[in-house]
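Next, two complexes with subunit A in common: one pairs it with subunit B, the other with subunit C.
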Partner chain A sequence: MTGPAGPPRRKDPTRRTRLPVTPPGNRSREAHGLAAMAAAGRFALQCCRRCGHVHYPPRQLCERCLDGELEWRDVADGGRVLAQTTVRHANDLYFRERLPWKLGLVGSDAGPSIVAHLAEGCERGHRVRLALHLDRAGNAVVAASPERDASRDDPRLREMVFDPRGRRVLVVDGTTGLGRHLVEAFLASGAREVFAGFSRPWNRSPDLAALRGRDRVSVYPLDVTDTDAVEKLAALIGDKVEILINNSSHVRMGGALDRLDFNITRQEMEIHYHGLLRLAGYFGPVMRARGADGPYGAVAWVNLFSAWSLVNNPELGTYSASQAAALSLSHCMRAELAAGGVRVVNVFTGPLDDEWHQLVPPPKLDPATVAIRVVRGLERGLEDIAVGAVAEEITHRLAENPKEIERSIRL
Partner chain B sequence: MSGTRPPGGTAARAGYDGVAVCAPMTVPYRRYSIRSAHWFCGQALAGLLARAGIGKDEVDGFCISSFTLEPDSAVGLMQHLGVSPRWLDHVPMGGASGAVALRRAARAVQAGDAEIVACIGADTNHVDSFRRTIATFSQFANDAVYPYGSGGPNASFAFLTDHYMHSHGAVREDFGRLCIAQRRNAAALPHAMLKRPLTMEAYLTARLIADPLRLFDCVMPCAGAEAFLVMSTERAQALGLPHAAILSTMERHNAFPDDPIQVRGGWAREIDSFYDMAGLGPGDMDLVQAYDDYPVICFMQLEDLGFCARGEAPGLVRERDLTTAGDFPFNTCGGQLSAGQAGAAGGFLGLVETLRQLTDEVLGAAVEGARHGLVSCFGMITYDRGLCSSAAILGRSGA
Partner chain C sequence: MDSRTGEAGILARLLEGILSGRIRIVDLTVTLDQRTPTIVLPPELGQTWPFRIEEISRYDRRGPATYWNNFSCGEHTGTHFDAPVHWISGRDLPDNTTDTIPPVKFVAAAAVIDCSRDALADPDYLLTVDRVEAWEEIHGRIPPRSWLLMRTDWSLRTDPEAFLNMGDEGANTPGPHPDLIPWLISKRDVIGFGSEAVGTDAGQAPHFPIPFPCHHHMHGNNRFGLPGLCNLDQLPPHGTLLITAPLKIRQGSGSPLRALALVEEQADD
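Moving on, here comes the complex of A and B:
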């Protein structure tokens, strides 16, 4: 892994396949605070509540005034490389496979000196920009990039993001409004190929025809409630999917007390929960096995959730509940796929401006915006992506006081 | 002692009068061993007893340093060794352990809390134990160093070397001179891991490990033990043991936390009181042992301890002869760079070698007529810098 990955090529089946191993994952409880910041794309370090002193590596008390309460605050992300090295001998299997590996000791503008992965073009004495990323084990690491003209092709940084460029992407439902925009956004980001599923073969939509005609796009029937269909498609393209976007969705209004029609709730669970489970069962193991398969190996599993998966909105009560079930399942998948270095990315959106949210008041999200935000988030390596004002407000209110939002949430 | 001293400067410190250090003991190094650290500690103790001609029960104090006793500490070791000391210390300071163990043991003897203290640094080296040690070295290393290339100490010292070279215009040959001189000193040491003469060309062209460090900048991990006894001068004389006097000691930890990168250690804070206590200066030293897991750290110690100004160690190694026969005998048994790094025993190596030189019990080549020896110890890079600094000046008994 010395230079850019070059264009993706057809794999030579006689060559050695690199097996997935993950970088050292032993972290303290405090250090996982960095993961929360990395997941959201923030560059935040622990600051003393009393004296403001900025700390790194993470710890539990202020080294200046011994105050026991440190809080995570966004800090200046600039720095200067004080010293550098290129590691050419490593005892860990992950790095051994990827040597040489360039590192720097960076004097951060925020204060502490930080051992960081160095992108190409960062040299001793240079100004750099620091960012928190999730490494292939899903743990937070600091990486330094050139202040300007950072390259998307940098081999070390590509290990820490989920860049679609050069990769093959399955959009589970490519025929919804959001699905179509996702296909376009992935093509624009440089995806090698997009597999677009369609769940309603009886729906002869002009969108499906338009997708069929697109270069680098192929279309497959994919009903996530049909185990055979999922199995069949996985057998056909499962070993080619490097990013999977599960955007299957079934939105119906209604809460628990006025809903004696179990057909709707069964369908919600079939699509959101069992649908994800079917995809996980048939596509997950292959993706996990291909987590290190060349520079364009499997990298991310993306679930699109409603922000009401985080807190139940009683006007879409059973819908929210089925979304919550799927969200919980995604955390299970995150732990299981981590063994292959494949990350689970959860996107939380507010209501989309589509046919199923006609009775929902604004603000509503343009599906094109969601698609762009998903792709940008993958390019940056974010693990939790809240899209739009509604989703952002829900995450903030939940962090502040879950009881408040639980009582007052309404459309 | 009037006037102002920097914080940490000491009021008048009591000397180590009446305390003797004796019985330098080495359990010969081996690259790998299937023995445990307990075994190496036991071998060291047996050697100390045989050398001093005393029974196990006469040692009533122990000071232990080891990385590989886990899950035991010095406490569990006492049951392994079948001893019942009335004074027990565990010094988990890696490379800084030797001088620290010495100064603690000396005070215990001086105060009468113990009569004979055995100071032992020992570690084993199983085939996979070095990898395990560096993978779980400290919380900061686990969180913020090992996940970055997993280069271990090689990467950390590569930063310090890179920074030193570019701050002071040092070149690879400067470090090479030190490594080559130490290899010559190791030639006579029977158990040295590396004895074949090192040429400048071989040094400069060796395999790159972590730029700018190459193979011969790095110590070879191995198994072994170093040990000595601390007792009253009267007792040492009664036992007929050649001994050395302790003229000064120091330790200082996490000395300059605000330096963005390590350019100095605790010696720089203690240098005045350290030499004052001995009534000697750098020019009075007949030999110097400095902790040498990587040559840049030797440069730092030479500068901090006043043998040359900051950034001028390259000139010192160019102008002086660092071999045992030279005008600046340095790491006279070859140091860890040639003898090997037997874990925490590496923190004792310089002290035991100094003691050997001053009691005429050398295993390798002797420095003729040496009267004063300085030993400097350094240890524990828990994140980006070595935290522990210690040092001692020993004098030939009667010197």
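Moving on, here comes the complex of A and C:
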């Protein structure tokens, strides 16, 4: 579990914690199109529908034919370094702390020449692989890494991903099938420690029994409907959590008209919406303050949402609505945590193969697959992760025609 | 003061007894907090809300001079009162809800039978008719219109996991034998049955021939339940006066309550 910056060390209490600063943030409206591509891990650039010209940086009109119809298309991610420089002085606080910083001009295979952050080993004339990343401020940047033997340990690239190696991870509910797999996936990825919450100690969960006594794992009572419990756990471990995984979930079938039961809907909101809010209120501030706390500082807040948070499935109508409420709250948290360079990652899944989706026809997701995809997504620095065929299809169809999917969606 | 005789009235003497310490008040109520266990049912069924509390203000910008909270919970949370309407067998009886039960029924005597050793040896211990008759041989007959309180010391299990004591065939907690409840009603005319576990029935009661017999028979005969009690070890076998007034919830099936016991101290002669 030794990370790129050496093994994680215990904090020196005599040192002032470094305050988080973020890279410069202003972008044009068009440039935020890059953020959407980076969030999903795509290398896509603006292409002219009429003449096919590929653009970088983003713009309103085609620079060749002045047509206004530019669309985002996945393009070849290869390139060659045309020129490079090393920045040794910067007035911007973020870069000043991280000097020297390598920048270069890369002639991309897709067409345009692109100013990119250069990883170690990218020299003039070398072939490189380009990727869109979100920086600590959440804005899209282009980074180039060597075409072969790229290292995950590069300090500049690590600024743009959420590598769990050497970090301490809180899995809010470690006793569900998915929670258990998340714990295992983070252990396998080299997390320093995993804190696993459990909400109902009397439930005799075999998963809880398995977690107890596991190396690098500690379990804590945590019921997100209980303000006091969230506050107490935050007081205990809040200043150690560098990645928080909110996987609490309460799946019940039913819509608005044919199942009038406010106990169920209140529980959905208590767990999905207020639960997230409680976690945000007690764990968020200290995570935001620790965004620059050494090489393993706080880095990401991950929400596991249903894909029905994006479009309401009437068979799970109130469940979908409570998920949508939580999704909206996550956008608020994203803006608030950005000040600390801590990023909010939303994972969208279709139905899981668990006890609450027994009668749902396949495709259903193996919780182990979801856990692996969460960890891989963090390692790549993704912001929106759609896992599985159902979630992927929903995100595609929503982008194409939200009215179509609204009318035809069913399990 | 009786205006004709000049003697102190009953209430004045009662108050004097309480203030002088000759009558002891025992609080049979557990403290309500977020960890207060509630009954565990299959997750697809309707669920009771656990006790939850949110601060409104605490002498701060939300209310500079005021500390107060909002709380929520199910009617059957912590030390609580079961009204007859709680069970389907008592649904059509008169005056069967918390707002219609005559208040006189909230004051009654109590007999306390100590089953703490039995429950320690066997968490599924069931209190039988034979056992109650043997107890009566020593302590005397249960008077009509009394509560029968089953002391198990279960309330000493402050850890919710140990208190609920769930196994893979349900809860393992002590309670009355299925035959005891009809006997208590027909032969002893009790007003209700009280216990220390999460419900008046035993943990395995869902599997009895008539499931939840204490609920079924007691409420079917317009009598009450009083689960979640504590401090029963401070009560004598006979001679306790119970005050058990639930909240006056319209059409309420029960409510958390402050269960108070009045116990007369034995004279030191």
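What we mean here is this: the second predicted complex is superposed on the first by the 406 of 411 C-alpha atoms of A that agree within 3 Å, B and C clash if a C-alpha of one lies under 4 Å from a C-alpha of the other, contacts with A are read in each partner's own complex, and residues count from 1 in each chain.
Here is the rule we go by: a contact is a pair of C-beta atoms (placed from the backbone, for glycine too) under 8 Å apart; a residue touches a chain by one contact, two chains touch by 3 or more.
The model shown is predicted, which means the values in this text are computed figures rather than measured ones.
Visitor: Between subunit B (first) and subunit C (second), which does A:Arg124 come into contact with in this model arrangement: first, second, both, or neither?
Guide: first
Visitor: Where does A:Trp202 make contact in the superposed view: on subunit B (first), on subunit C (second), on both, or on neither?
Guide: After superposing on A, A:Trp202 lies in contact with subunit C but is clear of subunit B.
Visitor: Touch test for A:Val141: subunit B only (first), subunit C only (second), both, or neither?
Guide: So A:Val141 only meets subunit B here.
Visitor: Return first, second, both or neither, reflecting whether A:Thr14 touches subunit B, subunit C, both chains, or no partner chain.
Guide: neither
Visitor: After lining up the shared chain so the two structures overlap, which partner does A:Thr86 touch, if you call subunit B first and subunit C second: first, second, both or neither?
Guide: first
Visitor: When the two structures are overlaid on chain A, which partner does A:Ser408 contact: first (subunit B), second (subunit C), both, or neither?
Guide: The answer is neither, since A:Ser408 touches no partner chain.
Visitor: Counting touched residues of subunit A, say whether subunit B or subunit C comes out ahead.
Guide: B
Visitor: Look at A:Ala31 in the shared chain and tell me whether it touches subunit B only, subunit C only, both, or neither; answer first, second, both or neither.
Guide: It touches subunit B, and subunit C stays clear.
Visitor: Sort out for me which residues of subunit A touch subunit B in the complex.
Guide: Where subunit A meets subunit B, its residues are 23-28, 30-31, 56-59, 63, 82-92, 94-95, 101, 103-105, 107, 113-117, 124, 135, 137, 139, 141.
Visitor: Which residues of subunit C touch subunit A once you look at their complex with the stated criterion?
Guide: The touching residues are 33-34, 37, 40, 46-47, 49-50, 52-54, 160-161, 164-168.
Visitor: So in the complex, which bits of subunit B are touching subunit A?
Guide: Listed in rising order, the residues of subunit B that touch subunit A are 130-131, 134-136, 139-140, 142-152, 154-155, 158-160, 162-163, 166, 207-213, 257, 260-261, 383-384.
Visitor: In the complex formed with subunit C, which residues of subunit A make contact?
Guide: Subunit A residues touching subunit C: 201-204, 223, 225-229, 261, 263, 267.
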